[in-house]
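First chain A sits with chain B, and in the next complex the same chain sits with chain C.
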Partner chain A sequence: MARSTLFRVLRPLSPRAKFTIGILAFVLPVGVWSLVSYVPAVWHPQIMITDAGSVSYLDAGSHMARDAFESEVADARQEGRAPPKGVRANPIYLPSPGEVLKAFYTSFTTPPETKDGQWLHQSLWHSIRIIFWGYVISSLIGVPLGVLCGAYAALGRVNEPFIEFFRYLPAPAFGALMVAILGIYDGPKIAIIVIGTFFQQVLIIANTTRKVDPALLEAALTLGTRNRQLLTRVVVPAVLPDLYRDQRILLGWAWTYLIVAELIGTTSGITWFITQQARYQHFPNVYAAIAMIGIIGLGTDMLLAVLGRRLFPWDRSLAKFA
Partner chain B sequence: MNDIVIPGHLLPSYREQSAAVRTRFDSLKARELILTVSKLHKNFDTDGKSTVALKDINFTTHRREFLCVVGPSGCGKSTLVRILAGLEEHSSGDVLLLGQPVTGPGSDRGMVFQGYTLFPWLTVKKNVMFGLEVNGHGKHESEREAMQWLQLIGLEKFADVYPHQLSGGMKQRVAIVRALANQPRILLMDEPFGALDAQTRCRMQAHLLEIWRKIDITIVFITHDLDEAIFLADRILVLSAHPGEIQELIEVPVPRPRSIAQIVTAEFLATKARLEELIYSGGHEPAEGEDYPIMQRMTNVADNVE
Partner chain C sequence: MARRAALSLVVAFLMVHGASSAQAASSQLRLGYSDWPGWVAWQIAIDKGWLREAGLDVKFDWFDYSASMEAFAAGKIDGDCLTNGDALVMGAGGARNVMIMITDYSNGNDMIVARPGIKSLKDLKGKKIGIETGLVDHLLLLDGLKKQGMTQDDVTLVNSKTNETPQVLASGQVDAIGAWQPNSGLAMKALPGAHPVYTSAQAPGLIYDVLTVNPATIAAHRADYIKLIKVWDHVVSYINDPKTQDDAVLIMSARVGLTPEKYQLLLAGTHLISVAEGKKIFVRADGLGSLYGSTQNADDFNVHNAVYKQPQKIDGYIEPSLTAAQP
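Let's look at the complex of A and B:
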């Protein structure tokens, strides 16, 4: 693959290059991570103690800075005591890919730490339900409202300035208010996701609706289409593939509000799992949980992309980037 | 225009009509009026400035007439056909379809646009069914009629194909029957073949004449291609630019049925010479940015290409 064929403005890649580069997108960051984790010369700024020797405040398994360790070793040697032993290690907050991979499996097989705690799969399922309901409630109102705002200038004018103002208000700021109104369980969490998604949704859907090709509207008018039919038979089908794409992006948005939403009231779901594991300093579990959110998010989006291609076989812009 | 010599003095007048052509025009003019346009004015208001797009347009079309509208760019021919379709409002004057004033778009006037306006989410058959369905025909009836129309133009094999799978010419053929399926009184066509390549355009012109011969339809056809206008039209409405005014309504003396061979006949050339005289020697100044300067030489003086 010559450089000249890889870097051409707005040219599609060959299928092979597309596949290889797509794999590299994941391999490269994991490679850097492995390098930092397994090659001590790259970073490893700390020492993990394997034998405390004569130093009373050290425990096997604890971490300490390299220079402090070296001065302890020097002191012990000078005074003829047993020196502490240790191996170079990264800080505890950066586990190696292998540890995280292992945690991926063990976090599912490890029972909850407390007896009223939840298994990881239960936490994940709870989070998915929060996202689902937040997204569905937001879409049930946001999509029709957005389409109407886009189609009818008067409706857009009466709604959009207010929504434009509202979307700058950070959704988590409504946390306390939502708890006061909806209690401490799932209600306020779903509400935060709705607040975070809804206002963007109306504006994005309205803008997409405005992009309908006016020539198609004129053609429909000359064929005798009137009022409501113009909306249901022309505007909506014409922008449907784009609405679908918008909805996919907005689903990603809903996920980003999940963690703050779940911190509100009683911490729950995957956020509860992450904070709990971080408290016990089980950082491989924390990374595994974060990666799981990514995998679920990406997996859903890829599934929706495939579904989109089947739903809208006429859509050229989808085919181009498939 | 200098190097093409049209021997005007050798041509008959474009007003001379053979007996057959004259008889045809007499019977055409005896038919009932479909469209009456009288004292039509159109002003555009932009930034508080009013420009006259169309000024005092008067003409009529008879049933099953083929009328072409030609004129230089900016003469308002597209505006005219959009007013007839009801897609734009006129400033004053009357547009009457069978005596009824045109107030907005409606299924009694079909339209074919220059750009491809088939609905991309509908198959070819469902595109043709669209007009029937929105006008209250049942699904089965619409489907049956749509298939008949597709058979008429020989595209029934493509009934279940999406528009993006069709060539440009096929798209316009479907667009024509989609408009005709509503059985409009008049078919308005705004440079429908403008985006097609030369060969396809030629075949489409013959195809359109074939459709027009077989169906009770009156056609108003906008074009800037003079050959196309002469080949298709009974009468040609010539507009001038700034403001758009009628220069002449020419009765095409080329006899029917038309064939591509007629393009070199005396009647054809005489009509074309008259159209060129009207359109290109209108004497109006070129608009700003549309005058082409004599360029400075940037090559060796000995290195000539002509």
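Let's look at the complex of A and C:
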């Protein structure tokens, strides 16, 4: 049954297959990760010392390469000293799923230790607010401008070459300038998200607007629609479901700028947590924070997909692949 | 925004009426600090409320080190915690600043860490060293080499980001690295048997850590800065007093997310400078025992390594009067 129903070009899946395969999309990578973490034979290139024995420079808990460890053990045996003991381990850069899961939990339950500190959920909320405002400001200007550029060739020609040029400039390079203009708190961070999102947004929205079905335009013109009405009554409603989908993709785009944005000015939000934990090599916490961002991103996107189906029930492409 | 403004009005109102002297601060002082033990120490004054007790309206903002320099250069903060060499770098770039107090010098936290088998700096002749060129540990390396009668030409430098030096050393592609804590400690952990061959404890005063401020703020805030330096003296004695040290380390370790035991190690490599000691370092002299001599040395290094082109006028960067005004 598998091949005949699962692998057919552009054919939607049955709801059950869709659900199962969706789960598999997460189970497979986590499975590989578990295998690498829990089965020593797979990788485990290092030894974690449990007992330093007679070797003066070793401490319990430190990691060393396996061959170096074995030569130390051999030396110690030959000279009749106590050999060091240890267990096979992965480098600290790759914690196991269990450690990350535990870090995920404890990082939320650990109270802030300084008086002016924040709980992790407060930091996360701060980051979400930065994203929200960056995205809203970018969309308020970017979406109308994109639609106009798509609808009127002259406007598109005036704006797009410059935007096309500007979108290649790395947003973080504007960090110092934004600090000079907007201060050291949330202003420059939001600005970096806007810079990172806006230019792509205008181009993508303009392109989508151009894809409006010409048959609709002709029909409307035949029925005597005038220029402005053509835009507001025909073009915009026609491309609205596609614009909505573009906006979902662009929201993900905004998230990718978060870490660089939050390093500008005072360190804040989830980035404070990630950079500080990485600086002291607490990698389970770092991976847990990455997972949090992923969960928030995916969660919002799924929510928007459901909302999209409600808003645009006539759009079949949404129903099929969302 | 409006709420913050209202709040600061209330605070200012309380200040004017709460402070014993009539000439309380008319506006808030904003200072930057970042992750270095000598600056994390300010957290004690913040958490204990000593700044407010002293009648000060000072706001400390936490930055990534280089982001704090950007914020100062943009005029968004009045002062920043930097090394004396970086104060010159910032000034050469146009952000005028004067060092008004010394917080500490590195006393072992900065290290040249060599792989097992290399016993001393001398053994590094012809070898590769991973270091972030132009930064403080490059200066430390040159100082160490000079004492061995060697120069930079005797070794090969591999430009590496300081926070990546642990991996760089563990990769086996270099024979030594230069880094400050926690990176230097992590490098030794990542490659067992790796050990320091030269540290800042052997060159005290090579790098001073300071509070440097916008010279334009000194006229209006002279009294505030003098009070602030007094609070610093309290902080230093709180950290150095064995009775209160545990509490001090707890506050500092919490700020950066480490355990107190681990933080104790970082603190041990930092020599905090009290006001009495600071006064002596502010006396003009050649050599690393004086801020003048140390800063001159950093200036020569910066020019030689083309960090900037024009040698800086050292006197314009040092303002000893505020530390000297302490009882």
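In the analysis below, the second predicted complex is superposed on the first by the 310 of 322 C-alpha atoms of A that agree within 3 Å, B and C clash if a C-alpha of one lies under 4 Å from a C-alpha of the other, contacts with A are read in each partner's own complex, and residues count from 1 in each chain.
In this text, a contact is a pair of C-beta atoms (placed from the backbone, for glycine too) under 8 Å apart; a residue touches a chain by one contact, two chains touch by 3 or more.
It should be emphasised that the depicted structure is a prediction, and the values quoted were computed from it without experimental measurement.
Engineer: Based on the superposed arrangement around chain A, label chain B with chain C as either clash or fit.
Structural biologist: fit
Engineer: Taking the superposition on A as described, I'd like to know which of chain B and chain C A:215 touches: first, second, both or neither.
Structural biologist: first
Engineer: Please work out whether A:152 is in contact with chain B alone, chain C alone, both, or neither, and reply first, second, both or neither.
Structural biologist: A:152 sits against neither chain B nor chain C.
Engineer: Could you let me know whether more residues of chain A are touched by chain B or by chain C?
Structural biologist: Touching more of chain A: C.
Engineer: A:223 contacts which: chain B (first), chain C (second), both, neither?
Structural biologist: Touch status of A:223: first partner only.
Engineer: Answer with first, second, both or neither: which of chain B and chain C does A:19 touch in the superposed model?
Structural biologist: Neither partner.
Engineer: Would you check which partner chain A:234 touches, where first means chain B only, second means chain C only, and both and neither mean what they say?
Structural biologist: In the superposition, A:234 touches chain B alone.
Engineer: Which partner chains sit in contact with A:68 here, chain B, chain C, both or neither? Use first/second/both/neither.
Structural biologist: Only chain C is touched by A:68; chain B is not.
Engineer: Of the partners chain B and chain C, which touch A:267 in the superposed model: first, second, both, neither?
Structural biologist: second
Engineer: Just to be sure I read the superposition right, which of the two partners does A:313 touch: chain B = first, chain C = second, or both, or neither?
Structural biologist: first
Engineer: Quick check on the superposed model: minimum Cα to Cα separation from chain B to chain C, whole Å please.
Structural biologist: 42
Engineer: Identify the overlap between the chain B-contacting and the chain C-contacting residues of chain A.
Structural biologist: none
Engineer: If you look only at chain B, which of its residues touch chain A in the complex?
Structural biologist: My answer: residues 85-87, 104-107, 109-111, 113, 115, 117, 119-122, 130-131, 134-135, 162-164, 175, 178-179, 182, 188.
Engineer: Can you tell me which positions in chain A touch chain C when the two form their complex?
Structural biologist: 49, 57-59, 62-64, 68, 113-117, 175-176, 179-180, 183-184, 263-267, 275-277, 279-282
Engineer: Okay, in this complex, where on chain A does chain B touch?
Structural biologist: 215-216, 218-226, 229, 233-234, 237-238, 240, 312-316
Engineer: State the interface residues of chain C toward chain A in the complex, per the touch definition above.
Structural biologist: The touching residues are 35, 43, 46-47, 61-64, 67, 70-71, 73-77, 116, 163, 166, 182, 186, 189-193, 195, 251, 254-258.
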